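Next come two complexes built around subunit A: one with subunit B, the other with subunit C.
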Partner chain A sequence: MGALSIRNVKKSFGNTHILKGIDLEIEKGQFLILVGPSGCGKSTLLNMIAGLDDITSGEIAIGDRVVNKLSPKDRDIAMVFQSYALYPNMTVRKNIAFGLDIRKVPKPEQEEIIARVAKTLQIEHLLDRKPMQLSGGQRQRVAMGRALARNPTLFLFDEPLSNLDAKLRVEMRSEIKLLHQRLGTTIVYVTHDQIEAMTLGDRIAVMKDGEVRQFGSPQQIYDAPADLYVAGFIGSPSMNFIPVQLREEDGHAVVELDNGRAVQKVRLSPISDSQRAFVGKQVVLGIRPEQLTDPESAHSEHGNLQTLQATVAITEPTGPDTLVTVTFNGIKTVARCHPRAAGAPGQQVELTLDPTKALLFDPTSEKRLA
Partner chain B sequence: MADYQQSLQAKLIRFGIYAVLVLMALWYLAPLYVMLSTSFKTLDEIRAGNLLSLPGTFSLDAWSAAWSTACTGVECGGMKSYFANSLKMMIPAVLISTLVGAFNGYILSMWRFKGSDMFFMALLIGTFLPFQVVILPMAQVLGWLQLENSTGRLVLVHVIYGLQFTTLFFRNYYVTVPGELVKAARIDGAGFFRIFFKILLPISVPTIMVCLIWQTTQIWNDYLFGVVFSSGEGQPMTVALNNLVNTSTGVKQYNVDMAAAIIAALPTLLVYMVGGKYFVRGLTAGAVKG
Partner chain C sequence: MTASRQGAPGFSLSRLADVILPKLVLAPTVLACLVGFYVFIGWTAWLSFTESRLLPRYEWAGFVQYVELFGNERWWGAMQNLGIFGGLFILVSLALGLLMAVLLDQKIRFEGAIRTLYLYPMALSFIVTGTAWKWILNPGLGLEKMAHDWGFTGVTFDWIINPDFAIYTVVIAGVWQSSGFVMALFLAGLRGVDDSIIKAAQMDGASLPTIYTRIIIPSLRPVFLSAFMILAHIAVKSFDLVMALTGGGPGFATDLPSIFMYQHGFTRGQLGLGAASAMMMLFTACAVVMPLLYSELRRERRG
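Then we have the complex of A and B:
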């Protein structure tokens, strides 16, 4: 029995279908990320879990309780909002106590809870201030404190870091992760930021247009994306997609890459049955920038790295590595190289490609050819 | 040299601007000055004289006459009972219309229902209806209700007529309040009324002030509803003032008229002085992101 089960949940307004049948299940203590572009339905799904939006059809269960008909306060959840939603007229202490008051928790016990939560989040010195007098990061902590005070079975986070500046966001991100590890609570976390999704999640559901495109662990989603959308959404800089014609040689998938001067043959992994069906047809070759790199930085578990020649169009130093843009089959392709081996625009560079990590996609259905 | 010329020119322009502003201020203050100085003069002095001169002998007789002995028609009890009438009408009408308006605004912004926007539009049209249009149907409704008491009738009329304004003010304020606040409160377990009284109403002080000032001014200054829907001893201040000034028997007592008019205007002046800064703040609330 999972901590949260979402079974064929749909949401429609008239003929507009916001969610088209979502199935997700997580275990107690897991950190679930709902990630996707704006308008994909991730916040709607979160609101439905919270009970703030009605469910058109399907079933949501928290623990072993179906909560479809329960009001938010009876679902044993707590939620942290993007705007923090602190009550502006109350001090931090009262903000945290508000929910406890309504639940008729006795005063001495309230004091204990507030003290514990304040200590956990290091907001003891802020308890008598009003939200107006707090900085963004402090408000964020208070909002989490309010959620923690209730000690619910399920925490819901709705893009909690979006309003913070970049540095604070990274800090709070690792703090949320630490908090989760320490408290072992079950969390559902909505974000549009794929880096947050990768760093925080135990399980990630990548959503688009009201559907879950892929549900799995961060590494699964990164290494074996289900389709072109997921492959392009997760990872920064995003995966290169190069149109190629698929051939088979000695049981291996083989494609050709044209760098503008010469056509180079690339030998990929042993061909699978689903790939064999596309032999002689156009497919999309997906390579992440770090799998296309200079020979010095390259490494592979299998050793059969493929070497390619290419002409540098642009170089973008990021510090630790330099992003080198080259052209294959007329498509701009980004390689992640060691700064020393990056070359200069117009120069020829040698790149190596890790064939075990290269992916092939069906260009019409956009599914990965496993 | 050029700098000097430019600064002289700038100074001249500035002087011109201030001169115009001072003149305008004097122009607008002149009636108030005439009213005040006349109210402190004796009748003899008024007859003798210069409208703009200061009172020679400072006399409060006109004020006490206006307050307690002046004749409005056949009654000669001054303005005091009508002043009380107006207060008895204004205070409940202002409080009720403000509270109900806040409640309406809360529902129309945070608990939208099917057709709530239509409802709000209809309410908005209400703000454009002139008093005259309302009189006949209102008289009919008051007849059906068989509400005899003048003050009670006026309270009802002013609450109903004021609701569209107070609702508009509160609704426009509450749409700027993030809806997540209500969601958070719902998850905390707060219900419909608790969210309103514990969270939204306490943060609406500027809007409450706007409504109080607006409604106080509207209701206190209203003449038309007062003259139509009240009678005799139940009439509000404005109607009594009209009766006092238009009493055609005897000598025209300008000093008493002026004193009575100032008494009639005092409460609204007071409200503006106390709450004026909130008024501007409330009207612009949400217009600029704080």
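Then we have the complex of A and C:
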């Protein structure tokens, strides 16, 4: 029995079906990320876990209790909101104490909890201020403090960092991670930012249009995305998708890449059964930019790197690497190269591709051909 | 060459326009405000220190009018009525307005229609309100007669002709007219409250009444202040409502300082006394409003 189980949960507002059957399960202490574009139903799902929205059908269990019918206060959860949702008329101290007060925690104990939480989040000096007098980052801390004070079995975060500036966001991100490691509480965390998802999560559910497209560990989702959508959503810059015709040679999948001057044959991994069904047909080749690089930076556990020639269209230095845009089969393709090996627009460069990391997708169903 | 030409006279001319134009545009308003407000306040103040009767006279007479005013029983009756009317009118309008706003905030159906309905009385002038309520409350015409016609002959509702209760009929009519507007103010305030604050309070375990009493209503403090100011000034300047409803009667039972001032100043040839009572009304209003404004401004400056 997991810490949180979501079984075939659906949500409709009238005739619009927002969630179309969600199944998720996580263990105690895990950090679950719900990631997906705006409007895909992440907040709706989170609100249903919290008990703020009712469930159209399906079942949500926290621990071994089905909570469908329980009101938010009886679910033993705490939530941090995107807009922080601090009580504007109360000081930080009262904000943190409010939930304890309602639960009739004795005053001395309240004081103790407030002191502990304030120390953890370094907001001791802010306790007597009103939310109006705090900066965004400070409000964020107070909102987390309010959630921490209750010491719940489950924390819910709804895009808690999206109102912060970039630098603060990175700082708070690692603080949340640290906090999770220290407290070991189960967390469900909603974000639309795939970097946040990758860095924070133990388990990631990639959502789109009210469905979970893939549920797995960050590495699984990165290395073996279930479909084109997940492959393109996770990773920055995104994966290159190149239309190719699939062939088979000596048990290996083989595709051809045309750089505009010459057609180059690329030998991929040994062909699988699901891929064999597409021999002679159009498929989509998926390559992440870092798997397409200059020979000097290239490395492979298997050794059989493939070399490709290409003409540089644009170079975009990022500092440690330079993103080099080239063209294969008429599609702009990004390679991540060492700045010294990036070349200049118009120049011919040599790139290497790790064939074991290249993925193939069915262009119609968009599923990955495993 | 061009630079120097632009730099010298043209530049200063446009600068001059920049400085003068806004003042020129604002001048009529400022002037009207100065004359209509402060000049007449000054004039009234001056008259209150003279022995003016039917016509203004400008010889200094010291505090005679104030002495007479403070010795005038009718004046104190009017002030007492203002206290009862103003206090109840403000309190009931605030309470009723807030209650209606909270109820209307529960995402009910026909909200738009109900809101408009509540707001309609505000569109009427106090004369109309006063006249309508005079009929409604008239024992021989309105509610009491209706009750009698329906067979409830024991019902008596004659507050409007009862000197001990007439002032409360003014409160009823005033509240009827203004509480819809107060409701609109509060509703706007309630709608401004972030939804997730309510969700957060629910997660904290607070019930809906607790959420309202401990979080939402306290955060409406600025709305309370605005509503209070508006209601207070309506109460102090109330004149037409009472004139239409009871004419200040029966006897002087619903007399208000504004009526006192009007009658002495303009119909009884006691201009000096009227001016003195007008000044006392001004001071009363200032005494109520100034501390509030001052404390609110200080709060804001502190952040």
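The rule is simple: the second predicted complex is superposed on the first by the 370 of 370 C-alpha atoms of A that agree within 3 Å, B and C clash if a C-alpha of one lies under 4 Å from a C-alpha of the other, contacts with A are read in each partner's own complex, and residues count from 1 in each chain.
As a working rule, contacts are C-beta pairs under 8 Å (C-beta built on N, C-alpha and C of every residue); 3 or more make two chains touch, one makes a residue touch a chain.
Computed from a predicted structure; not experimentally measured.
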item: Simultaneous placement of subunit C and subunit B on subunit A, clash or fit; value: clash
item: Partner chain in contact with A:199 - subunit B first, subunit C second, else both or neither; value: neither
item: First, second, both or neither for A:133, with subunit B first and subunit C second; value: second
item: First, second, both or neither for A:99, with subunit B first and subunit C second; value: both
item: Touching partner for A:264 - first (subunit B), second (subunit C), both, neither; value: neither
item: Partner chain in contact with A:81 - subunit B first, subunit C second, else both or neither; value: both
item: Touched partner set for A:315, first subunit B, second subunit C, both or neither; value: neither
item: Which of subunit B and subunit C A:110 touches, first, second, both or neither; value: neither
item: Overlap of the subunit B and subunit C footprints on subunit A, listed as residue numbers; value: 47, 50, 52, 71-73, 77-79, 81-83, 85-89, 98-99, 102-103, 146, 150
item: For the subunit A and subunit B complex, residues of the former touching the latter; value: 47, 50-52, 71-73, 77-79, 81-83, 85-89, 98-99, 102-103, 146, 150, 158
item: Complex contacts: residues of subunit B adjacent to subunit A; value: 178, 180-181, 183-190, 194, 198-199, 202-203
item: Touching residues on subunit A, where the partner in the complex is subunit C; value: 47, 50, 52, 71-73, 77-79, 81-83, 85-90, 98-99, 102-103, 132-133, 146, 150
item: Contact set on subunit C toward subunit A in their complex; value: 194, 196-197, 199-206, 210, 214-215, 218-219, 221, 303
